[in-house]
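Note that the chains take the letters A, B and C in the order they are written out, and that residue 1 is the start of every chain.
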Amino acid sequence: MTREYNLKRADFIFRNENDWEHILSRTLKKDRRELINELISSELKGRGGAGFPTGLKWKLTSESEAPQKYVICNADEGEPGTFKDREILMKVPFKVLTAMAICAYITGANNGFIYLRGEYKFLQHDLQKAIDEFIYYCNDINFKFSIDIFMGSGAYICGEETALMESMEGFRGEPRNKPPFPTGQGYNRMPTVINNVETLAHTYTIFKHGAKKFYDLGVQFSRGTKLFSVSGDTPKPGIYELELGMSLSDFVNDFGDGDTKAVQVGGASGFLVPRKKFSETNIGYKGKLTGISLPTGGSMMLFNSTRSMYNVLDNYLEFFREESCGQCTPCRVGCQQLHMGIKAVKQGQKPASYLEKLLKLTETMQYTAKCGLGQSVANSFSSIVENFREEMIY
Amino acid sequence: MAQPSELISSLADKYGRQRESLLPILQGVIKQERYLSEETMIAIAHEMNLPAADIYGTATFYSFLEYKKMGEYVIRICKTITCSMKGKNQIILTIEDMLKIGVGETTPDRKFTLLQTNCLGWCHKAPAMLINDEVYTELNPEKVREILSTYLKK
Amino acid sequence: MAKKINITINGVVYEANSGETILEAARNAGINIPTLCYHKDLCVAGNCRVCIVEIAGQSRLAASCATPCHENMEVYTNTLKVRTARKHIIELLLSEHNADCTRCYKNGNCELQNLAAEYKIMSEDLIPLAAYKNYSIDMFSPSIIKDDSRCIRCQRCVRTCSELQGVNALTVAYKGDQMKISTFFEKSMNEIVCTNCGQCVIHCPTGALIEKNYIEEVWEAIADPDKHVVVQTAPAVRIGLGEELGLQPGTRVTGKMVAALKSLGFDSVLDTDFTADLTIMEEGSELLNRLKKVLVDKDDNFKLPMFTSCSPGWIKYIEHMYPDMLQHLSSCKSPQQMFGALAKTYYAKARKLDPEKIVSVSVMPCTAKKFEANRPEMHDSGFRDVDLVITTRELAIMIKQAGIDFPKLNELKYDRIMGVSTGASVIFGATGGVMEAALRTAYELVTGREIPFENLDITPVRGMKGVREASVIIDNPLAEWKFLDGVEIKCAVAHGLINAKKVVEAVKNKDAEYHFIEIMACPGGCLGGGGQPIPTNSEIRDKRAQAIYEEDANLPIRKSHENTEIIKIYNEFLEKPLGERSHHLLHTFYVERKRH
C-alpha cells in the first residue's frame, strides 16, 4: 500500500483574525453568483459527517422561490466523541456568524438560527453577546438579518437536519420523510440552508482566502482541512485541525499511546478500524481510488489493548436504543434487538451464529431506516463484530 | 417563586403562544421548577391552546424536559463511551455514597437528583457531568467530593 | 388534471399521475405493496417501513408510501433485497409485539397477523421484547381497551385522533426503545379528553385498540329464563353488518339481521329507527320552540343555533372542549337512550312485563354508545335504561358463534311495538340524515305542505364534504307559525370532529349565522362509526351511504311524523312533543368536563 499523505496540521479555524467586519462588508458587495461559484469550486463538503457539497446546498436554496428563507447553524453536536463545534462557538463565534450572514445574502434569507444543544447551555450567554454585537454591525452596514439561538433539550436525533427543524417548530424531534429536502422545504416548510458549525467556519476561510487556498489543501474528493476531536486512549486528547486525506496509521503514530488496538472514526455512528487496517484506511470522503475512505464528523476515539470491544459496542448500542426517535421500525426495534442480541450471545443464551443474523439485520436497517441514525448503526456494529468477533463471544 | 400559571403566562408573553414557542416555554419552566408537573402542562396547554397530550408527548421526547419531580440540583453523569472508559462508575459510586441515593433517585430533602445522560461532548476531558447547566470535567472521586461539598453548603 | 408521467414497475411501463406516490401508482397498476402505517384516511407517516421498494440507481430502499414518482423512475417491488428487508421488518414488529394471537380479540382480523401469514414468518430468532416492557392493559373505559403490548407504533390512532377528530387524546410519547402511544401522563382512556368515538379502534391495524366487548353478558342475558331481552338496532348497523359476514360493502341486510337476532334468542327484536323518528318529533319541536323564544320572545335563556345531540362522541367532545356552548345542544336524548327509557316504561306496560326483568340491549355502529348508556343520568325509567351495548362487529361475532349461515337467512320483519321504521329514520345513519329527516318533518309541521325537494331528497345536505350548508325559506306557514313567514332557516351539517370544531368555532366567533346544526362525531356519520366493520375508509363509507339512501327510497313511509307507531305513542303515552312525559323520559342535560 502506497502512502499518499502524511499528517499535516493546519491553523485556519481557530486563528483569531479579528477581521470579520471587513470580510463581511467586503463579501456582501460581491455578486451572489460569483460567491456561489467560489464556494462550489472549493469543493467544501458538509463537516457534520454526511458530506453533502456545501456550495450546491446554498445554490439550491438560492434558486428556490419562496416568501421566506432561513439559515440554520446546526450546533446540536451530539455524536459521541465530537466536541469541536463547541470550541468554535466559544473561540471564534464571529466567523460562524459572518458565514451565516453571507449565506443569507447569497440565498436570500433574512433570518438565521443557531440550534444549540441543551448540554451546551452554559455557552448561551456569551454567544448571545456575540450575536448582539454582530447584528449591531449588520444594522450599521444596512444588512437586514437576525440570528436567534434556539436551545435543544437533550436529544441526539435533533442533529438530523429535519428532526432539528421539527424541534424548532415545537414538536418531537422526529426526522421527516425526504424528499422534500430542506433546500426546498425546511424550517416552517420554507427553503432552508442548514449547515454544521464547522462547515460555516470553513466558508469563512474560503470567502477570506479564496477557494483555491482551501482546495489546495487535502486530497482529491476531500479538499481542505477538518477539525478532529481526539479522545480515548491518547496522551493528547483535544481538538486538532488537520488536512483531509491522511492515513489512519499516520494519525495513530501521532496520537496513539503506543498500544492502539482500534480507532473509532466518526463516533458511534462511524466505523471501528482495527490495527491491521490502519495503513489502508484514509480519512476523507468517498471517491479515492485506493484504500478505504472513511468520512467523518471528526470524532476519533482511540482504544488500546486493555479495552473490550464488546463493552464498546454495548455502550454504543445502548446509546442508539435510547437516542433513536423511535418512529421507524428498523431503527426502534432493530437497536433493541442488536443490543439484547449481543448480550444474549455473550451470555451464551444464543449461539455465536446469531451474530450473522444480527449482521443481516443491520443491513436491513441500513437500507430501510428513515434517517441517518438508523442507517448508520450498521457501521459500528458490523465493523466491530466482523473485526472482533471473538471478543463478542467469549 | 411565582405560581405555575403566572410563570407560564409570563413565559408565553416573552416567547409567544405559537407552537414554535413550546420548547422555550418548557425550558423556562424547567429552569425554575426543575420538572414539568401535570398542572404545569395543563396550564401550558390552556395558555397556548394546545392539546395537553401533545405537550406531554413532546416533553417526554427530550431528556432534559423532566416530567417527574426533580431535586433542586440535577446531577447528570455522562455514561457514553469515553466517560465510561475513564471511570464514570467511580464517579457514580462516590456520589451515591455521599448523597445516599441511587441513579434515578432524589434526596429526601429534594436537593439533589442523580441521573445518567448520553454524551455531553467533553470526551477529551472525561469523565464529565452536569449539575443543572454547569459542566464539570476531568472528574475523579476527590474532585467530585469537593464539588458536591460546595453544593451541599448552598 | 395532473400531468401524466411514465414509471416502470417490475419492468413494465405504467402511466402515473405526477405527484402520486410510488404506492399509489403501483396500486393503480394492480400491484400490491403491503402497508401498515399507511391509511387512506390519514396523512402519510412513512414509519413502519413495510412498504419499501427498490429504486434503480439507489442502494437504499424507499418507503413507497412517502416517495413521489417521477418521470422514468424504475421501481422494483419484489426483489430479493426487498423481500429480505420486508421480512426482517415484519420479524422486528412481531418481536416487539405480544404475538399471543390466539388470545387476542383481533385474531383473524389483524393486519400484522395477515402479513406474518403472507410472508410465512416462522423463525423465532429474535428476542421477544414485549415481555420486557411491563405494559398493563387499560380496561377502565366502558368503550375502548388500550393494550400497549399489541401496539406496533404505526401511529394511525394518533393521526386519527388528531387529523380526523381534532381531539388529540392520544400522542406519541418518549423516544427510542421507550417510545409508545400514550395519553396525557399515561392516564386511563376513561380519565381523559377521549370521546370514545372509536375511530382509533377502526383505524388500528392490530389488537392494541379494541372495543370493550359485552358479548358474554348478552349471551348470559339471553340464556336467563327470567329475563326478557329486547334488542334495538341502530340505522347504520343494517348497512354495515354484511361486511363482517362475507358480503360486499353497501349490502343492505335489514331482514337477514332481524332473522339472525331472532335466531340468537332475543325475545323481541326492535328498531332504534322508531326512536330516531321520535327524536325528530322532539328535536323538531324543540327547534321550533327555540326559534319562537329567540325570534319572537327575545328570551336569552334559549340559544340558537341548536346543535343535534344524537352522537355521544360529539356530546362528550363539546362537554370537554366547549363547555360554554352546552346550551346550544338540543336537550333530546339520542335515539338509543330514548329507546332505553321507553323500553322499560311504555313497552313494558304495553307488553305487561316487569321492567326489572327486561334486559335492554342495543346494537350500535358506535363505541361511544357504550359510554352513553353508562352515564349516571341515563336511569329515567327507574332502571338503567340501556343495559348492554354491542357494536356491529360484536353482533357479527355472535352470529358466527351461533353458527348461522347469514347470507342464506330468510328475511324477517321487526317485532312490534317500537319496531316501525321510516326512510327518515334510516338516513340517521348517514351524515346529513338527521338534518334531512328534521327538515322533512319540520317544514311540513310549519306549512302543512311537503318540503319542496324532488322525491323528498334534500340533496344539499347529503354527500361527504366535511361541512355542508343548506337553507330553506318558510313560505306561507300555518297560522301558529306566522312569525316564520319568509324566514330563511339556515342549517349546517358537519361530520368528523375536526369539522365539528370548525363549525363550533365559526358559531362561537359569530362568523356564521345558523339556526340548526347537525353534528356527527364520525366521518360519514354513523355509517363510518367506531363500531362498524374494519376496514372502514372513504370508498367503503361511500358504498354504505349509497345503501342507506336506497333503503330510504324503498320504504313506504319516509317522514318521521307519518310513522304509525309515532302517532300511536303520542296518542297513548306521551301526549305531545315536549310534553311532561317526554321531558321526563326523552330529554337530558349535559355536564362540563376538563379539557385534558
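Convention: a residue touches a chain if its C-beta (ideal position, glycine included) is under 8 Å from a C-beta of that chain, and two chains touch if they have at least 3 such contacts.
Please read all numbers here as calculations on a predicted model, not as lab measurements.
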Chain contact topology (line, ring, star, complete or other): complete
Most remote chain, CA-based centroid, reference being subunit C: A
Length of the line joining the C-alpha centres of subunit B and subunit C, rounded to whole Å: 44
Distance between chain centroids, defined by C-alpha means - subunit A, subunit C (Å): 50
Distance from the mean Cα position of subunit B to that of subunit A, given in whole angstrom: 26
Of all residues in subunit B, the ones touching two or more other chains: 57, 61
Numbers and ranges of subunit A residues touching at least 2 other chains: 155, 172, 322-323, 325
Subunit C: positions in contact with at least two other chains: 172, 174-175
Touching residues (chain side subunit C, partner subunit A) in the complex: 44-50, 52, 59-61, 63, 66-68, 81, 84-85, 88-89, 92-93, 95-96, 125-127, 129, 152-153, 155, 172, 174-179
Of all residues in subunit B, those that touch subunit C in their complex: 38, 41-42, 45-46, 51-54, 56-57, 60-61, 67
Interfacial residue positions of subunit A with respect to subunit B in the complex: 77-83, 86, 117-122, 150-156, 167-173, 188, 229-233, 237-239, 264, 268, 299, 301, 303, 307, 311-312, 315-316, 319, 322-323, 325
Subunit C contact footprint on subunit A (complex, rising order): 155, 157, 172, 177, 179, 320-330, 332-337, 340-341, 344, 354, 357, 360-361, 364, 366-370, 375
Subunit A partner contacts - residues on subunit B that touch it in the complex: 18-24, 26-27, 30, 57-58, 61-65, 79-82, 84-85, 117-126, 130, 133-135
